[in-house]
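Please find the structures below.
The same chain A turns up in both complexes below, where it pairs with chain B and then with chain C.
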Partner chain A sequence: MGTHSHQTHNFSAQFDFSGKPKTWSLIAMVIGVIAVLYGFLLDPSEFHGERTFANLLLMGYYFTCVCAAGAFFLAIQYVAQAGWSAGLLRIPQAFSKVLPIASVILVLICAAGLFFHHNVIEDGKQVEVPFLYKHWATHGLADPQSEHYDPIIAAKSAFLNIPFFLGRLVIFLAIYSILAAMLVKFSENEDLNGGLSNYKKSFTYSTIFLVLFGFTTPVWAFDVVMSLEAHWFSTMFGWYNFAAMWVSGLCAMTVIIILMKRAGYLTWINQNHLHDLGKLIFAFSIFWTYVWFAQFLLIWYANMSEETVYFYKRWEPEFKPWFWLNIVINFVAPVLLLMSRDSKRKESSLLFVAILLLLGHWLDYYIMIMPGTVGAEGRGFGITEIGIAIGFVGLFTFLVLNALSKTSLVPKNHPFLDESLHHQI
Partner chain B sequence: MSAHHESILREPLITGDNITYAKITNDVLDPVENKPNKAWWIGFTIAAIGALIWVVAVSYTFWTGIGAWGLNKTVGWAWDITGFVWWVGIGHAGTLISAILLLFRQNWRNSINRSAEAMTIFAVICAATYVVSHMGRPWLAYFCLPLPNQFGSLWVNFNSPLIWDVFAISTYFSVSLVFWYTGLLPDIASIRDRATGLRRRIYSILSFGWNGSVKTWQRFESVSLILAGVSTPLVLSVHTIVSMDFATSLEPGWHTTIFPPYFVAGAIFSGFAMVQTLLLVVRKVMGFENYITMFHIESMNKIILVTGSIVGVAYLTEFFIAWYSGSEYEQYTFLNRFIGPYWWAGCMMYGCNVLMTQLMWFKKIRTSIPASWALSIVVNIGMWFERFVIIVISLHRDYIPSSWAMFYPTVVDAAVFIGSIGVFFTLFLLFLRVLPAIAMAEVKLLLKGASHQAKKKLIAENKVDPEQVQYYKQSLVKFDSVPEAETV
Partner chain C sequence: MSNIKYILGSFDDPDDMMHGIDKLKENDISIYDVFTPMPIHGIEEKLGYKRSRLPIVAFLFGITGTFTAFTMIFYMLVYDWPMNIGGKPAFAAPDFIPIMFELTVLFCSYGMAFTFFFRNHLFPGRAPRVMDLRATDDRFVIAIDAHTNPYPEKINDLLKEAGAIEVKHNERKYISYE
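Let's look at the complex of A and B:
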C-alpha cells in the first residue's frame, strides 16, 4: 500500500492557529463591526439602514453558501467514491463545522431585517416598511382592506409570510448543518478507530444530504434572494444561485489549501490536486455563465414585462457597468486565465483566479440583492460595502482556521487516502 | 488514478479468469468476424421492417405534404417535434459517456462508450429525419443554411432558435462522429491485422494507417482529451438550444427559464436509459458479461436515478413557480396536465420519469437485470410523454379558449414514429456486425489494474487490508459474472 510515501508526510501535525492569520482575521472582524456601526449610525445617506441590512444579508448569505458548498463537496466525494480528494477533505469538513454558525447569523440577519421597520416615502405617502423583504413583508400588502393592498403579493402570501419564511430557513439550514456535522463526526471517528464502518455511514448520509440539499436549495434561493423582488420570478433562479455557491465554495477551498501549503502544511497536496480543483473551478464558472446566460437570454427574448423588469432595473446607469463587470470577472477571467494546464497547476495563478472569483461572486450577489433593496437611488459602494465584506471574510477565516486547528489535517484512515497520495494526472 | 494504487474497495471493471489481451480481442471481435446468429437475424428482420415502414410513411408525407399528419391550427407541432426531441435527447448519452466521463476519469466508461457513441449517432440521424420531413418541402432544406443572396432574398433568420438548432445539432453530430471514429481507429486496425483479402483492404483504408506506435498512441490520447473538452459544452448546447425552441416563445408551459439545464438533464436521463436498454441485450446476446459488468449496469442506473431526480426538481420548480407567478395561464397549463383531456399523458410523464425511477434507490432493483431493463423502457416511454405533454398539452389549450382544440395522430404520424425506431435499430444492428461494440484498446488498459483477476492476485499476495478485502468480496455478490465461491 505504498508505505514509502507515508514517511515523507507528517500526518499527525496539527494546524497551529496563531500569529498573523489570527491577528488579521480578528482585525478584519473589528473592521466589520465598525462598518456595521458606521452604516447604522454615522452614514449620512438616506438609505443607510436599508443599505447596511442589504450588505449584511449579502455577506451572511454568501458566508452560509460557501460553508454549505463545503458540505456539498464533502458529500459529493463520498457518493462519487472519489479517491483524488481524500487528502484534502479536512478543508470542506472545516467549512461544514462552521455551517451552523453561519446559518445562525443568516437567520438572525433575516429575522432582524423583517422585524425592524423604518419609514419611507412612497408615491408621496409615508409607509412603514421592514428593512429587508419590504416587497412582501410590509404590513397590509396581503390585506384587501389596506391601502397598501397588492393582489399579486396577496396571492403569494401563503408562501411569503414571516413565520413560514423563517421556519423554512431554519429547517433547511438545520438539516444541512446536522447532516454536515454527522459527516465530519464519521470522519473523525474513522481517524480514531479505522475500519470501514464510518466510511459506509458517510456514504449513506452523504446520499441523504445530497437529496435533501438538491430538493431544497432552489427554495432557499427563492426565499433569501429572489423574494427581495417579490413580484418577479424565474424558475432558473435556484440553480443560478446553486452555481454561484458551488464556484465560490470551490474557490474558497482552493485559497485556503494554497495558503496552508505555503505555510508548510498539507505537504501531500500537490500540483495534481490543485489541477483538479482548477478544472472544477474552470468548468463550473462556465456552468455558472451558462445558467446566467440562459436565464438572461430567455427573459430578454420573450420580452414579457413581468420578467424583464428584473433586468431593466439592472440596466439602469447605476448598475449597468457592474452588471457587465460581473460577466467579465466570473466568466471571461476564469476562461482566459485557467484555460491552460499550467495555470491550473501553478499555485500563484490558481490563487489569483480563485480570489478574483470570490470577489466576482460578491459582485454577483450584489447585483442580485441591491436593486431589490436600496435600488438605484440608494446604490453605493463605500465603507459599508467594503467594511462588512472584510468583516465576514475575517469571521469566515477565523472560524474555519480555528476548526482546522482542532484535528489532524488528513483523514488518515480514509480508505482512498492512498489513491489521493498517489494522485497523478 | 494510477492503477498501482487503486484501492481494493473499487469494484472490478473486468471479471472472469484467464482474461488476456488476446482473449479480449477474440471476445469482442467474435460478432464482427463470424456469421451472424439467429438472434441477430430475427432482430434485424424486425428492425428492417420498421425501417421500411418509415420509408413508406415519410415518402407518403413528402408526396402529400404534412397535412398527412394530425396537425391543426391550434396544435401545429405535435408528434414530429416530440419524436425529434425524444431522439435528440437519446443522442446525449454517448457524448456524455465519452466526453464528460473521460474528463472525470471514470474508467468504467471504457467498455460502454463505443456502443453508446454509435447509438448517439444513430439517434441524431433519426432526429434529423424529423427535421427534414416536417419541412413539408424538404427539397428546400438548404434554406436553413446561410447561403449567398443569389439563392433569393430570403435570408436565414438568425433570431430563430430553429436556426440555432440546425447549427447546434450539425456541429454536435460532426464532433460526435469524429470522436467516435477516432476512438475506433486502434480497434479497426486490430480487425485489419486479423483479416485477409478484400476485408483487409477495406479495414486498412478505414484504419487511416494506424500502426500502434508510441507516437500514434500519444496523439490518440491528446486528441481524445481535446475532443472531450470540445464536446462537453456541445452536449450541453444541443439540448439547451432544443429547449429554446420552446422557451423563447410566450407559450405557457414553454416559456420558463429553467428549460435549458432541465432539458439537458432530461436528455442525459433518457440517453442513459436507451444505453441500458441496448446494452443489457447486447451483453447477453454477445456474451460480454465480463466486460459490461454489474458495476457498469448499477452505475448507469445511478446516473438514471440522479438525472431523473434533477428532472424531478425541475418539475417541482415549474409547478411551484407557476403558482408563485400568479399568472392564471401558467397555473392552468400545469393543472391541465392532470385535469385536462390529456391527463393520462401527464400521469405517464410524471409517473414514469419521477416516481418509477425512485425505485432505483433499492439496490435489489438497481442490480437486477430484468428490473433495470424494464425501468429503462419505462424511462424511454416517460421521456417521450414528457415531450408530448410539454408540446401538445401546452398548445392545445392556451390563452384563448375559443381556439382550444385536440390533437389526434394519424396513421402516418404513428408510422413515422414507429418507423424511426426501426431505422435506429437497423443501423445499430448493422454497426454490431461491422465494428467492435466494445472499445477493445481502452478496455485492455484496465486489465492490469482494475480487473477481478488483478485484484485476486493482490489479495493472494496478502498486500491489502483484510477488512477491505471482505468489503470487496461482498460487493461482488451482485455480479452475475463472478462465481459465488469468490464472493464470500
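Let's look at the complex of A and C:
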C-alpha cells in the first residue's frame, strides 16, 4: 500500500557460526565440565554429590524445556496459521533440532541419579539412597518387610518405579523429538520444493503434537521435578512447569533474535515482531504467576499438613529470600518493565527483560528442585551452581547456533512469509 | 467565500487515497480526517495521529477496581465483622488477591468500553455521526476542513489528480441526521 519501505533482504544468507560466539560457547562448556568435576571430586561439602546431581537435573531439565518450548512454538504457529512469525521460524526450528540431544542428556542425568547411590545418615541409621529421587527410589520403600517401608510411597509405587519412570521419560521425549524433527523436515522440504503440501502436513502434525504435548507435559513435570518430593503432590504443578517452560523458551528465542539482529542477520525482523514476542513474554509471565499463585493460595488456605510441607520447606530461612525473589523477578519485573508499548518495541529493554526472566526461571527451578534434594542444610550457591548453569548455556548456544548455521535463516517458501515481512501492529 | 464547510474526496482504491494524502501534504493542506471501510496499515503514522489514550483510561479504571475491591473486603472482613475462617487471621491478604484481580478486570473492561462509546458518541438514541455514508461501505474518504484551507478549486484538482472519483463540497459537517 505504498506505506512500507521496500527494503530488500538477503533470504539465502546463512548464519556464519565462527569467531566469538563459537569460542565463548566452547569456553562456557569447558567451565561447565570443570564445575561438574569440582562438584563431584573437590567440593568439601558433605552434600557435594547430591548437590551436583541436583544442579545437573536443574539445568538438564531447563535445557530440554527450552528446546521443547521451541517445538511447541512451531506447532502453535502452524495450528493458528499465524503469519507474523513466518520470518522467525528458523529459530524455534533450531531449538527443535537440539531437542533430541537435550532429551538424551536429561534421560542420562535422571538415569545416573537413580543408578548411583550414596550413604546418608537418616534418623541415626545409615541408609543407602540414590543421588536423585531418594524419596521414592530408595531400595525397600515399597517393601513391607523392609525397615524403610513407607506405606505412602508403596501406594504410589505402581507409578513411581524406576523402569516405568525412565520408560515414560524416554517415550515422552522421543515423541516430542520425532514430531519436532518432522516439522523441521517439512519446512526444509518446503524450501526446496515450494507448494502448499508441506505446510498442510505441518498443520496436521502440529495438531497431533499439541494434543500429545498438552497431555504429557504435566506428567513430565510430575515425574522429573515433583517426584523429588514424592510425598507431596499438586495437580497445578504441571501447568506451573509448563508456564515456566513457555516463558523461558520465548525469552531464549527473543534473546537469540535480538543478538542475531545486532550481528546483522534477520534484517526482516523488525520492532513489530519484537513487540509480539514481548507481548507473549509479558502475558505468559502473568500466566506463570497466576498458576503459581493458584497453587499457593489453595494450599495456604486449606492448610493441610501433607500439602503445606512443600511451602514449609521453602519458607525455611535458607530458602525464604530466594522464594520471594522468584516472585519479584518473574512477576513484578516483567509487569513493571514490559507493560508499556515502547519497552516491548525497544531492543535493549526487551533484551534486558528476556535475560532477567531466563535467570528468574533458573531461580524458579532452583526453588522447585533444591529443597527436595539437598534440602535446607545442603543448600548452596557457588561454583557448582554457577559453573553448571554456564556450562549448559554454552552447550545450548553452541548447539542452537550450529543448527542455525546449517540452513538459510528464513523459510523462503512459507505461504505467509510476505505477511510476516509486512507485519505491522 | 461560500458556506462550504467540508471538502470530501472519495476514492475507490486505498492506494489512490494514500497517494492523495501525500499530494495534499505536499501542498500544505491540512487533512481533517480520513474515513475508510477497513483498517489501513500505516495510515496513523502518515496522518501524524497520536496514539490512543485508551490505555491510560484502562489503567485508571483498573486501579480504581483494585482499590474498590480492597476497601470492600477490608471493610467487610477486617473492620466491620471479622470472622474466624479456618483459623486464618482476619486480614488474610492472599485471599484478597483473586477478588482484587477480578474487580480490576471488571472495572477496566467496562470502563474502557464505556469510555470508548462516550468518546465516539455511541449511545442509545444517538444517530451516528457520519460525514460520508459510503465510507462505511466501499469508499475511502479524505475530509478537508474548508475554513482552514480556503482554496477549494486547488483541492479539487489535487484530489482528482490523485484519482478521486468524486469530490463533494458539503455545507454541513454530518449528513447522517437526514
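The rule we apply is simple: the second predicted complex is superposed on the first by the 418 of 425 C-alpha atoms of A that agree within 3 Å, B and C clash if a C-alpha of one lies under 4 Å from a C-alpha of the other, contacts with A are read in each partner's own complex, and residues count from 1 in each chain.
Everything that follows uses one rule, which is that a contact is a pair of C-beta atoms (placed from the backbone, for glycine too) under 8 Å apart; a residue touches a chain by one contact, two chains touch by 3 or more.
Keep in mind that this is a model prediction, so the values were computed, not measured.
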Partner chain(s) touched by A:Trp324 [first = chain B, second = chain C, both, neither]: neither
Which superposed partner A:Phe116 touches (first chain B, second chain C, both, neither): neither
Partner chain in contact with A:Gln424 - chain B first, chain C second, else both or neither: both
Contacts of A:Phe164 with chain B and chain C, given as first, second, both or neither: neither
Touch count on chain A, higher of chain B and chain C: B
Partner chain in contact with A:Gly238 - chain B first, chain C second, else both or neither: first
Touched partner set for A:Tyr301, first chain B, second chain C, both or neither: both
Intersection of the chain A residues that touch chain B with those that touch chain C: 1-2, 297, 301-302, 422, 424
Chain C residues within the chain A interface of the complex: 14-15, 18-19, 40-43, 45-46, 51, 55, 86-88, 94-95, 97-98
Residues of chain B defined as touching chain A within the complex: 1-2, 4-7, 9-10, 103, 105, 232-233, 236, 240, 244, 247-250, 255-261, 309-310, 313-314, 316-318, 320-321, 324-327, 463-465, 467-468, 471
Chain A residues touching chain B - in the complex, by the definition given at the top: 1-2, 81, 83-84, 151-152, 155-156, 159, 195-196, 211, 214-215, 218-219, 222, 233-239, 279, 283, 286, 290-291, 294-295, 297-299, 301-302, 304, 306, 415-416, 418-419, 421-425
In the complex with chain C, residue positions of chain A that touch it: 1-4, 293, 296-297, 300-303, 341, 422, 424
